[in-house]
Amino acid sequence: MPNTSAIPVASFTDEVELAGHIIDSLLLPKVLDAIMSQGGRFEILNISVGQRRQDPSAARLLVTADSTEQLDKIIRDIGRHGAVRVDAQDAQLVSADLDGAFPEGFFCSTNHETQVRIDGTWHRDERPEMDCGLVVRNDRRAGGVSPPVDPNIDTRTLGSTGRPTPPARRTVETLPMCDVRKGDLIVVGHHGIRVLPQERDRDRPGVFGFMQSTVSSEKPKNFTVREIAAEMRRAREGRGRILIVAGPAVVHTGSREHLSGLIREGYVHVLFAGNALATHDIEQSFFGTSLGISMESGGGTAEGHEHHLRSINRIRRLGSIRNAVEQGVLTSGIMFECVQHDVPFVLAGSIRDDGPLPDVITDTLESQAAMRELIHSQGVTFCLMIATTLHSIAVGNLLPASVKTVCVDINPATVTKLADRGTFQSIGLVTDVEPFLRVLVDELKTKER
Amino acid sequence: MPNTSAIPVASFTDEVELAGHIIDSLLLPKVLDAIMSQGGRFEILNISVGQRRQDPSAARLLVTADSTEQLDKIIRDIGRHGAVRVDAQDAQLVSADLDGAFPEGFFCSTNHETQVRIDGTWHRDERPEMDCGLVVRNDRRAGGVSPPVDPNIDTRTLGSTGRPTPPARRTVETLPMCDVRKGDLIVVGHHGIRVLPQERDRDRPGVFGFMQSTVSSEKPKNFTVREIAAEMRRAREGRGRILIVAGPAVVHTGSREHLSGLIREGYVHVLFAGNALATHDIEQSFFGTSLGISMESGGGTAEGHEHHLRSINRIRRLGSIRNAVEQGVLTSGIMFECVQHDVPFVLAGSIRDDGPLPDVITDTLESQAAMRELIHSQGVTFCLMIATTLHSIAVGNLLPASVKTVCVDINPATVTKLADRGTFQSIGLVTDVEPFLRVLVDELKTKER
Amino acid sequence: MPNTSAIPVASFTDEVELAGHIIDSLLLPKVLDAIMSQGGRFEILNISVGQRRQDPSAARLLVTADSTEQLDKIIRDIGRHGAVRVDAQDAQLVSADLDGAFPEGFFCSTNHETQVRIDGTWHRDERPEMDCGLVVRNDRRAGGVSPPVDPNIDTRTLGSTGRPTPPARRTVETLPMCDVRKGDLIVVGHHGIRVLPQERDRDRPGVFGFMQSTVSSEKPKNFTVREIAAEMRRAREGRGRILIVAGPAVVHTGSREHLSGLIREGYVHVLFAGNALATHDIEQSFFGTSLGISMESGGGTAEGHEHHLRSINRIRRLGSIRNAVEQGVLTSGIMFECVQHDVPFVLAGSIRDDGPLPDVITDTLESQAAMRELIHSQGVTFCLMIATTLHSIAVGNLLPASVKTVCVDINPATVTKLADRGTFQSIGLVTDVEPFLRVLVDELKTKER
Amino acid sequence: MPNTSAIPVASFTDEVELAGHIIDSLLLPKVLDAIMSQGGRFEILNISVGQRRQDPSAARLLVTADSTEQLDKIIRDIGRHGAVRVDAQDAQLVSADLDGAFPEGFFCSTNHETQVRIDGTWHRDERPEMDCGLVVRNDRRAGGVSPPVDPNIDTRTLGSTGRPTPPARRTVETLPMCDVRKGDLIVVGHHGIRVLPQERDRDRPGVFGFMQSTVSSEKPKNFTVREIAAEMRRAREGRGRILIVAGPAVVHTGSREHLSGLIREGYVHVLFAGNALATHDIEQSFFGTSLGISMESGGGTAEGHEHHLRSINRIRRLGSIRNAVEQGVLTSGIMFECVQHDVPFVLAGSIRDDGPLPDVITDTLESQAAMRELIHSQGVTFCLMIATTLHSIAVGNLLPASVKTVCVDINPATVTKLADRGTFQSIGLVTDVEPFLRVLVDELKTKER
């Protein structure tokens, strides 16, 4: 434990601002927490707390550290919770010197709304995604319309830097590392960047927005299911788009009719899954089994794993799932409904795949790109992840923080990992897949009448 | 690894017999496994395998060990899988020298049917229970009718010792350690004892009798639920008696209406639970919450844990749950239905109890005795354990191996621990409590029509 | 979702104060959270935030609700996070009308420091424990010295009520429900009560005090172990008292030498366990096995569960563990060391016990009372809970929030349940028992040199 | 439940043989189990049980079913446990009609030794792998040396078909579905195929060969670790080759020095991992953190996830891990040791990868092919899987049943899934990674002296 020594320690300071619902969205506590756990100190120079719950608050802090390096680390860390240096500068841009890698010191993106200051103007990244870089492009679209900063921002007390953006010729975009091309203008360092963390939704409080994001197996879940159903109805009515990420347990727990029904009824706008889900689904259509387990009697059948392989083989012989549907070979199930209702899907490959099905994208970077593209082109606003750790984590990495996510799994470890995205927009539900989907479908039907 | 040495090792041998469906009920493999893992060797002197699946088989083995002590251990160990010494002797009886403890060397009971040879005659223990001792009593009942050995036993090739029991004046009883009284005649050693392990039910194969006893969260469970429902219907029609062991999660997952309904409909003959289940149930009746969580909205209410305590306090003020029902204070729920339908219950105390309710038996030995008494006086044949580790293990310890048990929990560790009783009579189901009970109730209703 | 209706809703308001490190100890966010989740509204009338991290802060809120009942609920709920009504009144006292139950409306205690206002003076409950009631006694001790309110409290901006307590003749005590005696003066309602939640320790930040209290299996744990060792050394040096709560896995994972060593070296001041831990420990001393599993070879031995029963039986024959030690029958292990080093222990009974050992307290209320007594008479400041759900929860219920607790288990569910006590004083560690104890012992030895 | 009806049911029968240690290796019980659970019946026509434990046994069964289809299913199913039709025919070969898919009806391979009868002669598949097909190639190698059937087989009572193989011009090979090329001669149906399931090792009984393959968290593990160490020493001395499959938790639990040491000391012949393990390892070398968590203090550092990305980026800038080592940029850790000691590795890509590192194979089929190639070219005999579900399952799918595997994970679900390969060669260990590796390393060092 550090003792107070007689030798004066040089100290380095910086002033930051924080705005929004900084108390109940936990921004201020998180910032203070981060400063202290990095060994820094703070003074709250100024705090104005909204009197009513709709009112935003703001705080100005003096952060002190023992070295420039430590101060730098602290500033970078608290920047992720929305703390912005008071004396904003322009962001630093460096040209990529080779393909497929950033310049050293590149800014690592978060999944929250992020703005970059270029020539004194804040530009918003339209597709926030964590763990990428930011590239600044010139005049890319016709007319060079740079995304205007959200006028709501202006209500925040972010100082004079928050003024409306003049028509600019620059756009800021999220850039995955593997997509860097030599010459790309990459944002470096952490100056001139502000992150606006997703806040708690105070107007429609519900299951989203609890401080504790995981609904354990020991809590009543009906209320949560009702909220999920409400979100899904809103989406079907046009106020949102639903992405389902599903693991094979959806089939082998006997739940595929539930998911097929959701697709048929228009509750699914995009489906992400892997070879296993699609194969189990097709196996059930072809043989009435899932990995050789009869979906009727629960007993193992003679062929065990064979049905699985024969199903893949049969689709491979036909060239694609769509071909199998069109030739009348595949006539039911999740993949059938996707084809029938033109629900776009990505089947992403993994090293434990048998076969795989011809529709599976075996290259993992291509899979990521395909998912990323659909998330944004489809405008996904709500994501339901069911019984898959690998795909849920992968998709969670790609989603903006503004997308509401629900992760359902019987394994608390998976749910905790997924729900713990540090936002009030994601919840986890520890429950069994089949009954969850059954109750969800019932709930959706009830309200339809 | 022991090296083959030049010095000859003395060897000790014994001959044992084994009968029944020794191959597919895994008795023979288990016996061979036990001999080998104890460092012994075997020769199969004789084996006759039933040609058809109904036919019993028999084997005679020569067991060899390096010391008398080792041999003794092996014989004792394989005795638990039904292997009996060929040269049967009478059991050794020793008079207890003090209260509350057995003489050294006492025979430790299993939960399988066990017979003790006294004066050349085999006597059956009528209430097998694991981890107790066996006491021989004289002429206890009027007429001194000793339980006759089941005639089915005679079909087994257990040698000439299996002959019909003449009217005797001795009974063999299971005796818990704390119930020993000075002078009790206790069975000591392992001679003159034969264990008849519960075999796989070949006539009505179903979920009971699989080699793998745990139904994981990733398997379809509807078939298993159907089988459980079938067992419960049989019991309600008079061919069995049902014991439910339930933990508090039955209430706080929102499932109490399901269990209340089962009691009302006559599917529950005995209920074992703890203070928590009963209190949560009563709290829901009084306040609509469970541990302060609203069962309607899923949200926490102001009083948090207080409702829990206030419910206990209110019942304590009335003296008992029955009083609360009779005075019209408690008008719904699990405990209410038990009182209304005269379903006997034991609420066993634990050190984490608040209160507790006045009906809770705070002494753990008294709780065990009360449960033991009900198991046998009610003739329990089927036991459904739901969402409770402590009570499930406690009850599992008390039940004869012949009682079919189903353990339902969302935690695989609990299910594995419980299902792994080494018999084909117990299965575990990894699933969420609420939907399990909901589907079970639906299944029972469907078939009623 | 409630719609804004034209009809004006009557609203009810109250003013509360909050003091301490209300932002980074999360008191204010929790209070706002609770108000909102109860459907209430708030205005922050006044907030003063300490400029430096040592400085306390204070806030005054106007809470608004739609009904007196709702307001009441909110006030009660936020009272648990330290929010106190501005216009403090005396607490209401009601005389108990019967033994073993509180009057309706009794105040339910928390495990945080709690003060009760009587005749305008605040009295502190010296033994805070959750889920009990509070009794006011007159002049109980010689001289009637009522505990003076901690002078530190005066630094808080709690208004004029915080003045020094004059020598009074009243004491406030925690009272378990079962200990109520007719005529006891019980605190009723929630007026005149203030709770001072345990705050984050800012001076010695370490593993205690993180916002996330559970250290998952995927994090490096060496640092946490080092902190635990530091706490234990401080206690051995006289600045604390250590309670160990241990489950049987301590023995059957092969860790008993580690725990025995801790006792021998003076790192254990009190031990709480059950019949299973003590029996497994004694079995290992007597037979070298734990539940029949050899601690040397890991293989099962012939007698299986028998050693377990024979060990209990042998101790029962001798009358007590102490007798077994004194007669030279028990010469090693955890219980032996406790006897040798006069470490007081409670072996609390449970319904899954075999035997039990003669030292086991079979009545659960007596067990609680015995543990409660030792916690306070020994002045426990640090509690290490290892591999036991039942005992950990039971002990967790009894401990004041000021006791630092560490819960170690390989099952994340147990750890989460235990660590989630809502204070910064408790952490959970998901890891394997044997290596945890081994590393802890190594760490303690290293620093001894 | 099937009722006995008056109408005679046509029945279909087949005779099968089974040889080896059919009782204690559970082959016969499994075969009977499979017949019964498929609704078939059996008669044991003949059984000869080896008198001593070294002696093989044999049985001949008459299997009866209600339809040809059912009989066929049963025969196929029990074939996986070694039951072979008495009247052996040649295998049926069909020419593949297109690339990348088998003809319908192809034989699905197991991971046990498999022989195919062609022109009356049994040919052995040298690289058994589950869930593939079998291709028959002509004269592929110089001299057309077909693998001779193991002479040990002849000791089995498999009838006259077991005679020595004459020099043939055919080889049988495992063929993954995606590698089928038009014209390949594929084995179809299940005639002329015999599977010789891996038996229990009776000569060196130890942790491998228990009936229960998972070592739970509640068992002493030291003995198991000692056995693993013994296997690893044997391999280092030239009697085996060790494959390590490792997940990122090896690094972020603070265990990388243990694994690095094992590589340095020659205990690792092949390493399979993913992008995450390698990146965490490199991040620790570059920054002293793992996913931003300091490996020294356990605390989070400012940059959080950034170090992870910067590490990948830096290696991408250098082109490969080997380049980074050779240029002195990467100077410690797991990947460094692999490069230094020429231990071949496969880093298989997954969709949750950041970056990835340039060495990662992003195509999943290429990853599988690379792993398959190394398994066989390196002659892997022992596989230790640590803390990775995805990679463990993927590798488990590729390994022959003869490879001893140990799966270590703190999550029982992962361990159960992996250990449950139906062979006596695989065990699972539920424990924490860091201490497991620490103890393993200690054990290996101890014996080295």
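Just so it is clear, A, B, C and D label the chains in written order, and each chain counts residues from 1 on its own.
In this text, a contact is a pair of C-beta atoms (placed from the backbone, for glycine too) under 8 Å apart; a residue touches a chain by one contact, two chains touch by 3 or more.
The shown structure was predicted, so the numbers you read here are calculated from the model rather than taken from an experiment.
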Item checked: Joint neighbours of chain D and chain A, given as chain labels -> B, C
Check: So which chain is the furthest away from chain D, centre to centre on CA atoms?
Finding: C
Item checked: Comparison of B-D and A-B by number of C-beta pairs in contact, larger one -> A-B
Check: Could you state the distance in Å from the CA-based centre of chain B to that of chain D?
Finding: 38
Check: With chain centres defined as C-alpha means, what is the inter-centre distance between chain A and chain B in Å?
Finding: 48
Checklist line | Junction residues of chain A - those touching two or more other chains | finding: 37, 299, 411, 413
Check: In the complex of these two chains, what residues of chain C are touching chain D?
Finding: 207, 215, 217-224, 249, 252-254, 290, 293, 295-299, 410-411, 430-436, 438-439
Checklist line | Parts of chain C lying in touch with chain B, wherever the complex brings them together | finding: 34, 37-38, 72-74, 76-77, 80, 98, 100-102, 104, 106, 108, 130-131, 177-178, 299-306, 308-310, 312-314, 316-317, 348-356, 362-365, 367-368, 371, 389-391, 393-394, 397, 411, 413
Next item on the list: Enumerate the contact residues on chain D facing chain B in the complex.
Entry: 1, 23-24, 26, 28-30, 32-33, 36-37, 41-45, 47, 49-53, 59, 202, 204-205, 210-211, 412-413, 416
